[in-house]
Amino acid sequence: MASEIIAINEFAGGGQSVGEWLHGWVTTVDHKRLGILYILFSVFFLVIGGIEATIMRIQLMVPHNHFVSPEVFNRMFTMHGTTMIFFVAMPVLFGFGTYLIPLMIGARDMAFPRLNALSFWLTAFGGLLLYFSFIGGNGLYGAGNAPDVGWFAYAPLTSRAFSVGHSTDFWTLALLISGIGSIGTAVNFITTIITMRCPGMTLGKMPLLAWMNLVTAGMVILAVSPLTAAQIMLCFDRYLGAHFFDTQAGGSAVLWMHFFWIFGHPEVYILILPSFAFASEIIPVFSRKPIFGYPIMVAATVMIGFISMSVWAHHMFAIGMSSYGNTFFTITSMLISIPTGIKIFNWIGTMWGGKIRFKAPMLFCVAFLFQFLIAGLTGIMLAASPFNWQLTGSYFVVAHFHYVIVGAILFTLFGAFYYWYPKMTGRMYNETLARWHFWLFVIGFHLTFDFMHIPGLLGMPRRIYTYEPGRGWEFWNLLVTIGTFVQGIAVLIFVGNLLWSMFRGPVAGNDPWDAWTLEWSTTSPPPDYNFATIPVVESRRPLWDLKHPEDPDWKYE
Amino acid sequence: MNSVAAAHPPLKPEWTLPSRGRVGMFCLIAAESAVFTIFVIAYIFYIGKSVSGPQPNDVLELPVFISICLLSSSITIHLAVRALGKAQMGSFALWWVVTLALGSIFLVGTGREWHHLIYEKGLTINTNLFGTTYYSLVGLHAFHVTVGLLAILAVAIFTLMKKVKPEHHEKVEVFSMYWHFVDAVWVIVFTVVYIVGR
Amino acid sequence: MKCSEQTRSRASNILGIAFLLGGFLIAATVCAADSAGPSQIPNIFKPDSTPADSIFRLSKLVLVITSIIFVVVFSLIAYATAKFRKSDADDGSEPPQVYGSNQVELAWTVIPGLIVLVLFLATARVILSVQDAPKPPGAIEVIAVGHQYWWEYRYPELGVVTANELHVPVSDPQHPTPTFITLLSADTDHSFWVPRLAGKTDLIPNHPNHTWIDPHEAGLFLGQCAQYCGVQHAKMLLRVYVDSAADFDAWVQGQKRVAATNDAAAEGRHIFESTACINCHAVSGTVADGHFGPDLTHLMSRDTIAAGAALNTRENLRAWIQSPDSIKPGSLMPAMKLNDHDLDALTAYLETLR
């Protein structure tokens, strides 16, 4: 107990001046601190992105509303999408990976700690640069301001002719810079996982979180680079008079689409695989059973990594590809549902026959199962190319991808927050507040995103700042907006819980969940050096072996 | 409770994992390859699609000499690294400087070719699609050559200052992977631009 | 709030079932809405043209399959959460540690594989039938050009040029007269989406696309641009008037006529022809031959102006000319800054363009 108090005090900077404490955080190369910095950064931008969403929803609450002008609305949807993907989802998932991977593989830090710090600060700078556009975006004709070209910035809308001023440049440069940070993080993840596992931890004995982050990092390397390339080409077009996407000179707008979605599709798998990782760690512990079918989970993850590089043009079914092109991308998009879908069965199999404890992490993971199922099924609808010709570009697809990003990714993230909060801070969060957060968020989420499918089915396109009355869209838009506020309240409770528990939560101890992976074998929070001695492992659940020496895993694996 | 040693079957001997530098460099090369692939795809896609202006056949000449220089520099850097591994510092310094020279010849040659194209043939990045894709692809490669040469120069200076020791063999070898990658990219760029594209 | 684990998992089951029922109710509502006759609601499940119909039939198969999958998996999850929760009277021991099962895992890989195969084959058929449909001899050909933020329509074989309101004939399945539309763009990407008639197809500069519709019933079908194209993307609305064969012929004849001359509107016409209007607009039979904005030869034959953003009334027309930003802020038509007298005369002239 005394060691835990010491650990918590050190974490909270006991004994240092404010200046020293701040300096420690700004110059740190410790993966745990960088992980927490990533996470704090993301939570901050989550709130901002949420405000942007709320502004849009208020504007769309009733037809012909005048809450914001079309220019402001168009900036809102662009900034909301860009922020949530690049400055919330990616950093928070990288943050958890940065924090957890060395601990879970029995290492003392990442392979390249300084690169780790550089990657975080590049991402942070990218976020600040993007938001600087609100005040610094004035360009050639006094136009500018935040980018308003949509988060996928289709050409030729982004050319100098149609995007006057510097707003598009803020989008391009912010993402270029943070993209380099992402690649740096990916290099670190891969190198760490391949070269720094503790003795006995073969690739087949790594926690699934390590596997999924390994595949994710590989995808970042292969997917973010095309986006970087395309953005360099866009910069050349805008500033050197190049013609990559200049349709007047024979350039191709479709080429941008291909390049963007070659990034954009693997990107969404980059977001979901770490979420699968959280579920794969939390569900077994709270069901009191090992993950069902570890080898197939690994194989499915690797297959998703490969297949995801071949489905990108299902975002382009309506742009006029040939019937052969549409057919090819239909089959690959349907194929990828197989390794993705069977994971749901593996998680159910893990729960089956278990003794499930419904603490907050597990509540969020069970909701994730329901919601990811639905998101996957609407995904199958979208994979059927002709059906896609009706659904794409409408609120149906907006509902689909929010169902995945909020209903699956954010839910498992909430689960991860609660699960590893005691490890990171040394204190336990408040379970009652967490339950309020859970139920309110579930209600708000379903109010918003279930009903959002319907205007799409009734012909409402996306990215419109207002709509005509009489098309049957009004009632559903109102419901969607109401759900936004419910979710907002839930998120405030969440943030409040994290802050309050930091100071008033009970001391958690090393292993409050009776879990089985290596991070629970050290103090909460862990010391700078993670482990006094580097562990030696024999199975996928080293702590199970310790706690059950008469029945260790390595006898059965 | 930090060690997880309980009653267990004997550990397999020798827990060795690949070196960090090699894996890290491999990942970097993978990322850069993806970037180059996109530029190559754009180049190939736009072959023959320029609406006006100079065409590849009219203005491009095979840069044989500088290509030989660059590709030879892969051999010389390999020899340098091998010498360093055998602690033959004189040999290492010699091959290293030769590598620097060969790489510099390549860059100068590219610069001269560009000067010729811009001032005598009127081809710039905004002339037409050929100009756009040519300068972007060749320029991206030349940028990577430049970065590599700066690193080679830095190591050359450290060598002159006698700071480079045989125990740095692995770090230098990891860097040489980057240089081999740059040369391999040139093989592809050369093929696509000067052979296929003409 | 001190609920037992039991209450909590029961609550989650109740929520789940409520959600399921809600879903069915909503689906029923959507399908039942406006089941009588042509409707202004652009519901994709109320197709009125072969492409939309083929998509609808495919969608039914997809929905049935996905619903079955949903019910099965949902039930498994719900059952697992209910049956295997830790009971309050638990002895604290760990349950049997099961690591996997090859047979089960094989089964739940193969079955989805078969489902995917069925879905794919059904889908491929529809792709080919819609995209590669042959053009019958009676087809009407239209070239649609997307602009920021309006639609230009040209009927090359009929010699008609118009804007924003597309007229097509009803197509009788025995003697089909579908409309085949070539989609071009003058500036950025747009998308032609009239849900009850066909899936959407984009209009991309330097990349001509094609789509076709063969409406089975006369009436007005609504849609709008479905690819973000700039500040007024939201008000680039689509109105497709499906006419009977006779009405369509009459419309074509009307559109082919040169602009009517009306001496009473001479002053307005003079203003039109001597100010910047003719830089952007065309009126056949006059000096006005601009192509940046819509052709105004038969402006008054249209129900709306500004691509559906406002009804075609004198007040709206006047307001539009005076200050387009009052109707469509950010549209590319400049405010003409005319005095009241000139504005009235100009509006009067435009009202003669029937």
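As written, the chains take the letters A, B and C, and residue 1 is the first residue of each chain.
To be clear about the criterion, a residue touches a chain if its C-beta (ideal position, glycine included) is under 8 Å from a C-beta of that chain, and two chains touch if they have at least 3 such contacts.
Here the structure is a predicted model, which is why all the values come from computation and not from measurement.
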item: Chains touching both subunit A and subunit B, listed by label; value: none
item: Two chains sharing the most contacts, counting C-beta pairs only; value: A-C
item: Separation of subunit A from subunit C, taking each centre as the mean of its C-alpha atoms, in whole Å; value: 32
item: Distance from subunit C to subunit B - Cα centre to Cα centre, in angstrom; value: 50
item: For subunit C, residues contacting two or more additional chains; value: none
item: Residues of subunit A engaged with two or more neighbouring chains; value: 250-252
item: Residues of subunit C touching subunit A in the complex; value: 1, 5, 8-9, 12, 15-16, 19, 22-23, 26, 30, 33-34, 40-45, 52, 54-55, 58-59, 62-63, 66, 69-70, 73-74, 76-77, 80-81, 84-87, 90, 94-101, 104-105, 108-109, 112-113, 116, 119-120, 123-124, 126-128, 130-132, 148, 183, 187-189, 191, 193, 195, 198-202, 204-207, 209-210, 222-235, 237, 308, 329-330
item: Residue ranges of subunit A touching subunit B (in the complex, touch as defined); value: 111-112, 183, 186-188, 190-191, 194-197, 199-200, 217, 221-226, 228-230, 232-233, 236, 240-244, 249-252, 255, 259, 262, 510, 518, 521-522, 531-533, 535-538, 542-543, 545-546, 549, 552, 554
item: List of subunit B residues in touch with subunit A within their complex; value: 1-9, 11, 15, 17-20, 23-24, 27-28, 30-32, 34-39, 42, 45-46, 49-51, 124-126, 128-129, 132-133, 136, 140
item: Subunit A to subunit C touching residues, read off their complex; value: 69-71, 74, 148-150, 154, 156-157, 162, 247-248, 250-254, 287-290, 292-296, 318-320, 322-323, 326-327, 330-331, 334-335, 337-338, 341-342, 344-346, 348-349, 351-358, 363, 366-367, 369-370, 373-374, 377-378, 380-381, 384-394, 432, 435-436, 442, 446, 450-451, 454, 457-459, 461-468, 470-472, 548, 551, 553, 556-557
